[in-house]
Amino acid sequence: MHSFPYRQALREAMSEEMRRDERVFLMGEEVAEYNGAYKVSQGMLDEFGSRRVVDTPISESGFAGLGVGAAMYGLRPIIEFMSWSFCLVAADQIINNAPKMLYMSGGQFNVPIVFRGNNGAGGQLGSTHSWAVEAMFSSVPGLKMAIPATPRDAKGLLKAAIRDDDPVFFLESERLLGMGARGEKDFSRYLKRNWAPPQDDEDFVIRLGQAEIKKPGNDCTVVALGRAVHFALEAAEQLETEGIDCEVIDPRTVRPLDVDAIINSVRKTNYCVVVDQSWPFASVASEIAALVYEQALDDLDNQVIRVNSDDVPAPYNRALEQQMLPNTRKVIEAVRAVTYNA
Amino acid sequence: MTTATSQPAGGRQSATLTAADLLRMLHQMMVIRRFEERTAQSYQQARIGGFCHLYIGQEAVAVGSIAALGDDDPIITAYRDHGHALARGMHPNHAMAELFGKITGCAKGKGGSMHFFDRSHHVYGGHAIVGGQCPLGVGIAFAIRYNKENKICVTYLGDGALNQGTFHESMNLAAIWKLPIIFLCENNLYSMGTSIERGTSMAHDLAAKAAAYGMHFAQCDGMDLIKVYDCIKDLADRVRGGGGPAFADVKTYRYQGHSMSDPQKYRAKEEVAQHQEKDPINTLVNHLIDSGLATQQQIDELDKDAKKQAIDAVKYASEAPDTPPDELYTDVYAEPFGPYKKGEPPRMKEEGPGSGD
Amino acid sequence: MHSFPYRQALREAMSEEMRRDERVFLMGEEVAEYNGAYKVSQGMLDEFGSRRVVDTPISESGFAGLGVGAAMYGLRPIIEFMSWSFCLVAADQIINNAPKMLYMSGGQFNVPIVFRGNNGAGGQLGSTHSWAVEAMFSSVPGLKMAIPATPRDAKGLLKAAIRDDDPVFFLESERLLGMGARGEKDFSRYLKRNWAPPQDDEDFVIRLGQAEIKKPGNDCTVVALGRAVHFALEAAEQLETEGIDCEVIDPRTVRPLDVDAIINSVRKTNYCVVVDQSWPFASVASEIAALVYEQALDDLDNQVIRVNSDDVPAPYNRALEQQMLPNTRKVIEAVRAVTYNA
Amino acid sequence: MTTATSQPAGGRQSATLTAADLLRMLHQMMVIRRFEERTAQSYQQARIGGFCHLYIGQEAVAVGSIAALGDDDPIITAYRDHGHALARGMHPNHAMAELFGKITGCAKGKGGSMHFFDRSHHVYGGHAIVGGQCPLGVGIAFAIRYNKENKICVTYLGDGALNQGTFHESMNLAAIWKLPIIFLCENNLYSMGTSIERGTSMAHDLAAKAAAYGMHFAQCDGMDLIKVYDCIKDLADRVRGGGGPAFADVKTYRYQGHSMSDPQKYRAKEEVAQHQEKDPINTLVNHLIDSGLATQQQIDELDKDAKKQAIDAVKYASEAPDTPPDELYTDVYAEPFGPYKKGEPPRMKEEGPGSGD
């Protein structure tokens, strides 16, 4: 097993799909000559040229809407938001045009497009640069949403997203871009859990809507999304020493959501914690909790505990931001509390 | 019919139009006019719901500009889209069926007046968010260039859309990449109850709007079909030839209110009457008669047919089957999951009046 | 008791507050010379002049952002969106700038602003014109959200919103603008339930965060927001004939949410239905259901049933739109099902 | 010190500046330069986190423009905001404390580098969404007009912001209502790794951008403080006098990368060196020495003081108390409920170097 960072998984997914399908192109700020603000598209300009790897002015509404129009015409755009915090100036194009075009055209114009970029807080970027958009966009029918936690999932899901004929919102994490590189914080877990995508498998695609049990267990179901999967796994390792065997479920996609996988797990463990980096009110965690109560009420031996970010704007100060965001400690405390081991 | 050309005007494209061409375009304007009159009537009878914005008065813009395009040049517009769809070739039956919310409508009754679509006639939609269609048009032009096709995209917008940020971003993208697009502003002097001067800086000289992006600018009288044709034909040839994008300020006028529920207190009756004196249909009729290209009898026949098509469309729409309940869950996803089902695009066989011969 | 339409309640609230406080002004498309696209601001230009009732070009990002800047400077703007479907082009200004300015300025610049307009589907306006924004915006800390169902609440809540020193998202309903006028559909219920605001009471203000029991009852709690309150009340009248005595709770504000009022009611009735016109996934109904399970799990004799719009874009066709939207029949069926009377 | 005026230039405002004025402005530029150098150093030591965009090279724009304003004219800018805040009067201690995330920071450690605010010095913030500050500035100008105050608002934006839709909407609103605002574009030729020509149409002639709204345009060399002062003083007098809004293209240059993690492959070292030859601080120093307005010794003293202020600021910030945990739930609402608590604005007593005498 070798080092295969999350960033490289994204790059390979895009490059493989662009080699395979002439209609696929990448567009966004600094994706070409700058090799990507976060070096995700490193080297792609050299391979594909400026016709297919296109730098843009700072005009998200313009180039996101351009992507939607090009997709209606038959191309398959990958539109990068340097950060999902910058998508709000394009909200009308991405949640009003893209997901509804097929429906309001009576089935004539689908929009095979991927919007991707860094999502979630962390790194002291302040109140306007720390958006986690899971809750806000997952409520919109007509789009799909994937949120990979490992290099393997990043590659498999991004290839699936690019091949999908519907708009896919692809939520990456700047905090995970280095994950899978030797020396990185979670490198040992990365190796142990075999999180590198298979090599030289151009058709390695992970079907959207298929959760993965990142760690099987019997005592408590912990559902976690994106970066929070790593808090859950770290917590599980600690809780194991306390005799609590967690099952960590990574839905990998929010829409479609693999509800059955979650319910089956809760039926087995009778306890459920949901970890979601978004704000708590009307969040994906609220939806998952409601679904678990609705479909497994009798199997629950306690309420579902939700671990979200605190309901406040993101502060710059490091300690305050750590206090606000979900983390391993909060997951540990939630599992202890829900399993009456607090 | 003798193919007498209208008086030779140095290089004027319309000089190449035959009497047959002009009569076909006149007929198209009549079909749109009569269709919209029936639409208004059906709306009053509550057989059409939601918002509905009539094209009466602006027919020459859609017909004249589309006649100057290639048969498969894609177009995209805002919510005042009946005229563009009919001029591009959508059959009036499918247009009216959509207004009546029927399955044989151009969007299976799920789009409505503001969202006419017709892939076979390259109509990329009516769009209801002001300015929202501009980047879509730029994307279509980008795809044309990407595929190295010999086409151009015409993106229609109202004067009110000039003040949306998305218009600005679209113009800049088109300009820096020299994309094959014409931004055609249907300047009917009003956006809802707001006259253009009240809300738009440099309303008296929209050339400045295009100059901000170094974009080629043209202006013409949108009430005169031949002038629209000449203006857009010139731009289309230039854009198709790689001359970069263009912006056209086409002065036109809507006779009705903004939509079906507009008391029109913002403009005087005289102003409306004054513009109606330069009615696009009468203007072309007078030109055809004065230059001996057609007889009054021929013209009356065309209008008779236009009225019939509009009546037939209402009949077709009334008798058409309603959109079945399970269509609620089709066309949400091209690759459905869970409760969603694969949809079929609408079946729109017949060709409408606007289709090329 | 006299006729007092919802539209008039909004107008009087704005006019009274503008008379009372020179800093308050109204800005939006067609609010002045056109007297409002829906005649809400009828006559206000004549009374206050064009300095304080200001027509704008179609530039929502521009004039919403203008409102935020003017509020930072000390004015108290009322910004009208002709429809909340048109706020997406201003998303960055209303959910990134307005609710976070106080926080990221360390308490120096609050933003006393009201964003208001018609919210929710209905009337065959099609996929892009039928937004219900409750879920999408209620998750953002730093803003408040009110959603009045009656003329009385419309006036009391709007006066409270204008006087509030924080950004308030005020969700009206085009379908209710005529409510309270003689001859209107719900006029009898309007009279019976005393939904006209008190006359000549310039200080009639309803505190944000205070739910109202629109109809007391013992058998089943029905929580409903905005227009859906009327479906709940109509359903309650029908269910009463079937011997089911519903308690209809109208939270009136989504943030802050009067959770105690909901929990107390569920404790009494042991059954709960939540009616929310938004799409189901991660909606306000999901949050309310999760809160009820978390705080009243033992008092529940059945799961909480959520009645939302169907998870599809809004169709134009009348019958399909009725099929999609919540309505009285769906509420009746939900109450019968939850109370084991289906 | 003799108040010798620089060579008389017909009507040039700067002619009225005394040697003391020029020395004060030079000192401000030095304080900003040294402050940013200490900021870079502290960032490398990981005592500052998040994004940080240095103002080194552009000092003359903030200092020269702010010197041309009234003491209580409000300003608003983007994330590259250290220079504006210091020039407007924020004390370096509170600026550095904010970068170190301390309670005595100008936003109590909750804003960070991109969100410097100082109500007492009329600094309406640094804002991190490109172009997002433009409509806020228009709102401030609207409020000034509404209150009939004799002030103007200066809204700073980068060249990259010219392509945001919100900039377009702001310019149009300011123009149609003739609001008292100057849009000051700090044209440092790059937005991150994108040179202005690559992304902005009419980059060579930004006057066209202003002309699209009929707005008064001016241009000046942002590396020369006196030229900036003259240009902005003229505009400020014109705007304050009711002449309507103005747009200024101020050519400047940033010596560092876009932010702290930019390898700068997009520009040659020579290009940076070439611009540094016209360094704003050296340019003013040479002017003062050449025209006998100041001695080298005076100048060295100013720089010594500037360095001291920067070092003191780092010391103050390191020793300042951290922002306490309960500040997480303050300042979310001015009228709190539930878990939220009323907050207190930061205590920033001391006056910084930029404050007027």
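Observations, loosely collected:
Residue numbering begins at 1 within each chain, and the chains themselves are lettered A, B, C and D in the order written.
Heads up, the rule we're going with is that a residue touches a chain if its C-beta (ideal position, glycine included) is under 8 Å from a C-beta of that chain, and two chains touch if they have at least 3 such contacts.
If you're wondering where the values come from, they're calculated on a predicted model, not measured in any experiment.
Of all chains, the one whose Cα centroid sits at the greatest distance from that of chain D is B.
Two chain pairs are in question, A-B and A-D; the one with more C-beta pairs in contact is A-B. Taking each chain's centre as the average of its CA atoms, chain B and chain D sit 48 Å apart. The centroid of the Cα atoms in chain C and the matching centroid in chain D are 41 Å apart. In terms of their C-alpha centroids, the spacing between chain A and chain D amounts to 37 Å.
In chain C, the residues touching two or more other chains are 56-57, 59, 61-62, 85, 88-89, 92, 96-97, 103-104, 126-128, 141-142, 311-313, 315-316. Annotation for chain D: residues 107, 109-111, 115, 127, 129, 132, 163-166, 169, 172, 176, 198-200, 332 touch two or more other chains. Per the touch definition, chain A reaches chain B in the complex via residues 25, 51, 56-57, 59, 61-75, 77, 89, 92-93, 96-97, 101-110, 112, 141-142, 144, 164-166, 208-209, 256. Residues of chain A touching chain D in their complex: 29-30, 33-34, 37, 55-59, 61-62, 85-86, 88-89, 123-129, 310-313, 315-320, 323-324. Residues of chain B touching chain C in their complex: 49-51, 98, 101, 107, 109-115, 127-132, 160-161, 163-166, 191-194, 198-200, 265-266, 322-323, 325, 327-329, 332, 339-340. Interface residues of chain D, counted against chain B in their complex, comprise 163-169, 171-172, 175-176, 198-202, 208-209, 211-215. Contact residues of chain A toward chain C in the complex are 61, 85, 88-89, 91-92, 95-97, 99-100, 103-104, 126-128, 131, 134-136, 138-142, 255, 257, 278-284, 286-287, 289-290, 293-294, 297, 303-304, 306, 311-313, 315-316.
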